[in-house]
Amino acid sequence: MIPCIESGIPGFDELTRSNDGTGGIPENTATLIYGPAKTGKSIFTNQFTYKGLTNDEPCLYITTDNGYKQFKNTMEEFNWPIEEYIDNNSLYLIDTISDISKGKPSQSESFIQSYINNPTDIMVKIGSGVHYIYKNNPRFRSVIDSATTLLAYNENMLIIRVLKAYLMRVNEAGGTPIIVYTQDTADSIIETMSKSMVDNIIRVDGEKLYIEAMKGIERRSSPYQITDNGIVIK
Amino acid sequence: MINIQSGIPGFDQLTVSELTEGGIPEKSTTLIYGPPKTGKSIFCNQFTYNGLSNQEPCLYVSTDQGYKQVQRDMTDFQWLIQNYIQNQTIYFIDGISHLSGGKFENKNNIVSSSVSNPADLMVKVGIGTRNVYKTSNHFRSILDSLNTLFAFNPDQMVIKILKAYLRRITEAGGTGLIAYTEGITDPKTENELKSLFNNTIRLDGQHIHIKSDHPDFDEVQYFESTYTITDNGIVVNENNFKNIN
Amino acid sequence: MKKTHIPKLDDFLGGGIPKGSSILFCAVPGVECEAFGYQILNGIIEDGDKGFIFTNVTEPQNIIYEFSKYGWNLEQFLEEEKVFFVDGSSNFMGVPPMGKYSIDELSQIEGVVLKAIDDIPDGIGVINNLSTLLDYLEENKIIEIIGKWNKRAREKNTILVYIFTKWDYDPKIIENIKNSVDNVISLTSIEERVIIGQGFMVTSASWTTPSKNMVLFFVLQPGGVKIYIPKILVTGPYNAGKTSFVKSISKKSVSVERMAMEKFPTTIAMDIGHVDHNGFVADIFGTPGQERFDLMLDVLAKESVGAFILIDSSAPQTFARAKEMIKKTQSEAIPKIIVANKQDLPGALSPEQIRKTMKLDKSIPIIPTVVNENIGVEKALDAF
C-alpha cells in the first residue's frame, strides 16, 4: 500500500484512488506539475500548501515568481489566509524575488530572503529550511513555484542539478515536494530531465488535468475548473 | 547461448524464437530506455529481485535514488531485499545520497560514490564486480540510470564511463541492464549510446519493443507486445506478442 | 629533492621529486588514484611546506572527510593555513564554495590555479582531476594550460601533482599530456575477469632513469597507499587453479583479501598470500594468465625470487600458453616449478606426458597435484 497525503483539491483524491483505497499525493514522493501558462498550476500548489498547513503539516515554500506580498494576497483571494502560519513558523518561505521589487519585508525565523540568480544561495537556504522544518515535523510538504523562473535566470543544467539536490534533501527528510513548471519554456532535454527526476507527473491544460504518471496507479484524467475556492475536479 | 530469467511475467515467453529460448541473454548488455515514467526502474528492480531470489548476486549502481529509496521502491512491489543486503548477495553503489547532505557510512556491500566523480565511481565498480564475481561468476549488473550522470557530466564523458563500466562487467561475466530516459541528450549521443549494447528494450508506457543483436547470431531479432504496470510489477501481455523476424 | 611519502616510489625516482617538478598519476579507470595525490600532499605538509588542492570532482567538505578516513588531519592544516582549496566543484553543484579560491566559470581556472601556485612557493599543489578538466576544455587548450602551470610551478619551486584517469581517449591526447609533465607514474590494474590487483610503475622521469619495476599496492583507510612486494609469483593459464593454490600454500590466514574486504571495504583486494615453509618465508601473488598481462609479469618478476606455473593437467590445449608463460619469465633467472594440477580429473596427463608434450627441460620440476584436495602441495613447496 502506498500511503498518500490529502491534496486539498476537491475531487483529486478521488481521481487518484488506487485499488487499495488510498488517494491523494503519495507521501514522500516527488511531483512535477506542468502545463501552459495560466492553467492553474500555482493555484494547485497553493491549495496543496494550504491543506497541509491546516492539517499541521508544515510547508517549505520556495517562491520565484511572486514576492511574499503577492503570494499572500493570492492566497487570500481564495480565502486561504496564511498569516497565522507565517507567525507560528509552520510556513517556511524562501522568497527569491522580492528584492527585485521595492518594499522588501524583513526576514524572520521562517521568512528567508534569497536571490533568483544565485542557486547556490537558494540551496543553502533550502538546506537550513529542510532542517528547520524537519526538526518540528518530519511530515511536511514543499513547493517550488516555479522551476521555470529558475531556469530563465540560470544555466539550465545547473538548475537540473540543483533541483535534483533539492528533491534528494526533501525526500531524505521525509517531505513531499512539488515542482511547478510551465510547459515549453525550456528546451526539450531539460523538460524531459525534469520529468525523469520525479515520481509523479501532473499536467493541466486549462480544461483537463492529466495524471501522466503516479506511483501506484495508471494514467488518468478528468476535467477541472478554477473556482473562487480554487481548483475543483469534476 | 544461455538465457536467464527476466523475472517479468510474459517477457521470457515473448522473447522465445527459433534461435533462443527466451529471457535475457546471459552475459549480454541491455539498454532499457523510453520516455520518463514508463517503468524502466521497475523493470530493473524486478530483474534484480528475480536474480537475487535465484541466488544470482547483483551489482547495483544507483545514481537516481539513494539506496534507502531504492529499497523502499522495491518494497512497494513486495520485493524485499533486506536479507540479500545482509547476506551480501547484493552489492550496492549509491552515487547520489551524498547530495542530500548527511554523512554516509560505508558498509561492506553498500558504498557511496558520486555521480560527479567518475574516477571514483569506476573504482567502486571495480571493487563491486570483484565482490560479486567472488560469489558467483554469473551475476546481474544494474545501472539506474544514465540520466543523472548526464546531468553532472559532459555527454562524451558519460559515454566513456559507460564504456569502461560495460567492459568491466562483461569481462567479469555479468549481465548488464542499464536504464536511460529517451530525449535527455541529443539524437547523435543517443544513437551512439544504443550502439554500445547487445540488446535494447524500449518502453513507451504501452508498448515494449525488444531488439536483440547477439554476436552469436547472424540476424537481429525484434519482439514487441504491450505491457501493464501492476501491483506486482511489469507484466507483458501475452495476447499481443509479435515476433518480427 | 622532496620525499613523495609513497613507499618504494622514492627509490624508483632516485630519491624523491625535485622541487618545481610536475608529476602525472595516470590511472586505468577502476584503479585507485586520488589517494596518491592526497598522500604526497599530506606528507609534504607534515614536512613543513604549504599546499593547495584543486578539485573539480567533489566538494572540499568531502575531501576533508576522505582525509580523515585515511587518518590525516586536513582540517587542522586548513585552520593553520598550511593548505587551501581551489574549489572548482561547489559552484557547479549549487553548493556554497569553500576555500581561498573558487571557480564559477571554466575560463577562470587557468588564472586561479596560477595564483594558487604563487601563494605556495616551495610547496605542493594537487590537481584532481585533470581528465574532468579535459572533458570541458579543448585538448590544445588543456596542453597550453598545463604548460603555463608547470612553468610557473618551476619558477616558484612548487611541485604539481596531477590526477588523471585514462578513459577511452584518443591515444595521441594521452601521449601529449604525458609529454607535458616531468614525471609519469602509471597506475594499472591487474585483471583476470575482475581486478585482482593494482600496481604502480614509473614510466618516465626527466631527472633520472627510473627503474622499471612494478609494485603492487592497495589503499587502506586508515593508512593510505600500502605496497606489497611478492617474492613468489603464481601464474598459469586461466582456470588452472591459481587462486586455490595461493590459498592452500598460505600458512597464515592473514589474507589481505579478507582484511581488505571486511575492514577496509574501499580498497581493491588482491589474490595474495604468505608462505611459511621449513624456514622459508615469502609473500606470494597469484597473477593472471592472459597475454595482455605478459608485460606486467615481466616487470613484476623483477622483485621476485621464484614462480609457480600452474597447469590444468586435463587440458592439454592450454599447455602451449603455459609454455609461452614459462618463456616469458625465462628472462628473469628465477627458479620455476610446474604444478600439474587436477591430476584427479579424467584424461589428466602424467608429469612425464606433460614434460613430453610441452618439451620441457629436465631442470624444471613438474609436481603432480590436486590442489583442491591439498594433494602434492607440500611437495611443490619442497621443490623450491
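Going in written order, the chains are labelled A, B and C, and every chain counts its residues from 1.
By definition in this document, contacts are C-beta pairs under 8 Å (C-beta built on N, C-alpha and C of every residue); 3 or more make two chains touch, one makes a residue touch a chain.
From a predicted model like this one, the values you see are computed outputs, not experimental measurements.
Peer 1: Hey, which chain is the most central one here, using CA centres?
Peer 2: Ranked by how close its C-alpha centre lies to the overall one, first comes B.
Peer 1: Most remote chain relative to subunit A, going by C-alpha centroids?
Peer 2: C
Peer 1: Between subunit A and subunit C, tell me the centre distance in angstrom, where each centre is the average of that chain's C-alpha atoms.
Peer 2: Their C-alpha centroids are separated by 50 Å.
Peer 1: How far is the middle of subunit B from the middle of subunit C, if each middle is the mean of its Cα atoms, in Å?
Peer 2: Their C-alpha centroids are separated by 30 Å.
Peer 1: Which positions in subunit A touch two or more other chains at once?
Peer 2: Within subunit A, the residues that touch at least two other chains are 161, 165.
Peer 1: Could you say which residues in subunit C touch two or more other chains, in rising order?
Peer 2: Residues 92-93 of subunit C each touch two or more of the other chains.
Peer 1: So which stretches of subunit B touch two or more other chains?
Peer 2: 99, 152
Peer 1: Using the touch definition up top, name the residues of subunit A that touch subunit C in the complex.
Peer 2: It comes out as residues 119-124, 158, 161-162, 165.
Peer 1: Report the residues of subunit C in contact with subunit B in the complex, numbered from low to high.
Peer 2: 27, 29-34, 57-58, 62, 65, 89, 92-93, 129, 131-132, 135-136, 163, 165, 167-169, 189, 191, 193-196, 261-262, 265-269
Peer 1: Under the stated contact criterion, what part of subunit C meets subunit A in this complex?
Peer 2: Subunit C residues touching subunit A: 90-97.
Peer 1: State the interface residues of subunit A toward subunit B in the complex, per the touch definition above.
Peer 2: It is residues 2, 19, 127, 157, 160-161, 164-165, 168-169, 171-172, 188-189, 192-193, 195-197, 199, 201, 212-213, 215-216, 218-219 of subunit A that touch subunit B.
Peer 1: Taking the touch rule as given, give the residues of subunit B at its contact with subunit A in the complex, in rising order.
Peer 2: Result: residues 35-37, 64, 66, 69, 76, 96-97, 99-102, 145, 147-148, 150-152, 181-186, 205, 228-229, 231 of subunit B touch subunit A.
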